[in-house]
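To keep things simple, chains are lettered A, B, C and D as they appear, and every chain counts its residues starting from 1.
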């Protein structure tokens, strides 16, 4: 039984197929980089898995449990957490309240406070704990969003282009932080990313998508020298 | 601590008004009106100010509460307090049911669907002659009967009731805003998709606040018709729904004191001053546009800014 | 029964054409700027009053008065876009509330200036009757339909063929992309606003002679127009036309079987039912970033 | 400076003694009406009536009471067809302006909010336009209504229509208290089989085409239009332009020269309407009022104005009879017992505070004049209605 599996996903928009029988099974924990040229179907796959979009066919399972089309809030409770490409935080809440939000929703806010402060200190944001998130820089908001995801204590993390728009200086902090969190709680990270350098250094395994389905998967090194992948990107 | 003292002082002062201004029943009448507008405004503030749900049919739910209570009191001989409870429940249930339909739509769609329901509820109040007495109004609604040693028949005594009800509404608002429920509502206004991704069943919470807001509207509606001693569709019309939106906005949406400030500035002062009506409304219209451009947080926002400036100036 | 059905359909199309005129202006503005201007009904009313003013005080010619009131309203539209709606861009709630403020100001301004009583706009076309089969219609009524039809046609051609029209379509499909390819989006904004408010004026000026000019004359067309664009699909011009007509016909047909005091509610029930099945309206597409 | 003060004091003293010598007082009466909002147009006729009565009394040096004379002042508040505004206005009149009597109102629902406050403070409220029958059924001793209520109005008309055989009767009616009250009243009196299609429209809606089609398709012998002047003129135009020749029945708003100006004699010919006051009737009291009205306002007198004029005159008579311009209770008792010959007829309140003025039915002639058809005793030909 796979920890995470999609089978035969199909999604059409008008006449265009965004997903055409996409299947992917992941059995073990690890940081999985999901890459592919523009229009490969990464975002649609992401949307289908996270319950934003209903597929036309196919299924999504988590630990063997079918979750196709399950609402996002129920997925969150099943242990699937996500970040957003455009980076979302609650701008009016303080940084601490942003982190405390998920525990509050789940009704176990007690004790979460310590963990939240620990995470803030980890990325050097503790001094902003009582400042509204809107006052943070974009990169800092990225970090805050990530911290919020970890507060959910997820089993599967879906990160949607975490490096997008983050300045190079902060990229290393980000990368180091993700790796640290992975070491702390080794579970399944699925990272959609355009920044090759970033994902190659971060991921333990790379999944390449092309034309609505999975083209190749393998170690970063293997993928970098795979001619079919090169062809997909150049073609 | 300072805030608590200020609120307690204000509350005591408000309760003392009838004994200080016994020879000014009109002032007390206007204060009652302020309470009657502030109560549904608190309900709408929870929806519009905290959750971001701009409902343009809010007073329709006040009407459900009011007419339920009116029919129970006049036709079924139920006492005021039982009728009040029934009116509240009816408004809340209608709010949950109608809200569940409205909430399937977002942004502009939501506004227009709530507007449509407001107009449809008005049509029922106006047209259902056999039950609501139709367009001519439902006269003969009794003032509340005594509760133990307390009576509410006279203007002064009714003022205590209206004031207590308004305070109750503000207390509810304060409790909600400070609770996890309130946090979730505010999160939904800021970013609904993020809140969902963090495990919030958005539909459930939004329906909840719609029902709560409607119940408060119902409370205001029942008191309104008990005060006027007549229920008329005009009290729950589209124009009144817009007025209640403006009370919330002028006062400051998403501020605890917003509905109170709005009711005083938008309802109380113009009534007390009896300004010529057309130009007053032209002025309010223009003021509203200016408010949106330059002070979208309303009176509460202006006051808070002024207070901050004052604090900064003094050493 | 068949004649009754037919007759009520015709009545509904006539009423619907007024809704269409209001809806078109709103939908154009919504498409480009994502602004829902609730004051559109008040502008429609203002169009009627200005037409009356030009007709009785300035020129004795009705067509000239109609054009003048359209020009005046276009100017007002530009002022509103600059002064109110552009500064509030991106904040849907504040825009809606500002437009509610505009309704309050405009309706009462008109009462203060012209008084609460209805004005009569006497033009020859209301006195001329045209027989169609065994029915007779006022020429003005036919004029309203003909002008609405012509406006819809002209608008389609304008949007399809002219440069400005193409720019408007581009901006309403994807504002960002339009900006990237060098379309002057701000110019498109105020032009669209002027066009929309001029259409509102046209509606008020056309309906005035038929049904009097009074402060609340824009209320019903606004609400029905809103229902029309919602069920047609926000931002869709064909949607506004079809939606407005559906509302008109549904209301009119409902009088055959339902109590007439619930006529308004029929329009809303139709709207809500259609939206429950098709959440983005008949011709609507899901707009990215709407929620 | 001191000189100036002295001068002022002397002047004040002089003014004071002059006032005493004439024993002149001033009474402020309260008016609740619609100056803006959807009822502003009929509100104007109401104010016209009050102003005419005020002018007449003050023009004659005020009214006499116990050896002194009092002039009138009217304090008018706008209630905008809104119950809350009505209650506030009433409260203010009773407790701030402290008026002895309040008159007016147009909207039944608003009147229902004002009436209990009248009772609270013992200030008689004299209604001159609202027609909701249940207003006077609440056991409120301080409420009086000069005008006929919906049941009384429709009683006369239903009788007349039944006798003419103009049934089934269809309706186009305002979906407000006046329109709905009229339809319900007629239905009650005529019975279901004699009533046909009922077309309601909201205030502000003016396209009657679907109602006209339905009336054409039905078999109604007559159509009753329950609405005000403005929509009324549009409805008749749309009915006649559509080629419908049905008998038309209207309200008092449609029996005036002003109404004729909106349309033309050809479209109106044969239409009947009930009227509380036929302005051209050959009766001295009506003729005198109509002339005075025309002189002041330059147009034909309106029924609402006549009712309101009578209301104010009645209030003055009651104050005289009660011997007080301040004691609302005494004035109330005087009102309850009064018999007053007004413009609209003899006014005497029943135990519930409702007067029973005559109701007329008039008809448009081909030449744009009107005749009186009902009551039989007052029947008169073209030019009298």
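Rule of thumb we're sticking to: a contact is a pair of C-beta atoms (placed from the backbone, for glycine too) under 8 Å apart; a residue touches a chain by one contact, two chains touch by 3 or more.
Note that the coordinates shown come from a computational prediction; the quantities given were computed from them, not determined experimentally.
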Least step count from subunit A to subunit C, where 1 means the two chains touch: 2
Higher-contact pair (C-beta pairs counted), B-C versus A-B: B-C
Chain located farthest away, centre of subunit A as origin (C-alpha): D
Geometric centre distance via CA averages, subunit D-subunit A, whole Å: 74
Intercentroid distance (Cα basis), subunit C paired with subunit B, Å: 32
Averaged-CA centre spacing for the pair subunit B and subunit A, given as whole angstrom: 43
Whole-Å gap between the CA centroids of subunit C and subunit D: 38
Per-residue overlap in subunit B, given as positions that touch at least 2 other chains: 126-127, 193, 277-278
Sites on subunit C at which at least two other chains make contact: 108, 111, 259, 261, 264
Touching two or more other chains - residues of subunit A: none
All pairs of touching chains, each written as two labels joined by a dash: A-B, B-C, B-D, C-D
Residue numbers on subunit D that touch subunit C, as the complex places them: 36-38, 40-41, 44, 175, 180, 198-207, 209-211, 213-214, 217, 230, 234, 241-243, 262
Residue ranges of subunit B touching subunit D (in the complex, touch as defined): 24-26, 29-30, 33, 36, 126-127, 129, 133-137, 139-140, 155, 224, 227-230, 232-235, 271, 274, 277-278
In the complex with subunit B, residue positions of subunit D that touch it: 35-36, 77-78, 80-85, 87-88, 91-92, 95-96, 107-110, 112-113, 115-116, 120, 132, 134-135, 138, 175-177, 179-181, 184, 200
Residue ranges of subunit B touching subunit C (in the complex, touch as defined): 48, 52, 54, 101, 104-109, 111-113, 115-117, 119-120, 123, 126-127, 192-193, 242, 245-246, 249, 277-279, 281-282, 284-289, 291-293, 296
Parts of subunit A lying in touch with subunit B, wherever the complex brings them together: 50, 52, 71-74, 76-77, 81-82, 84, 88-93, 97, 101-102, 104-107, 109, 148, 152
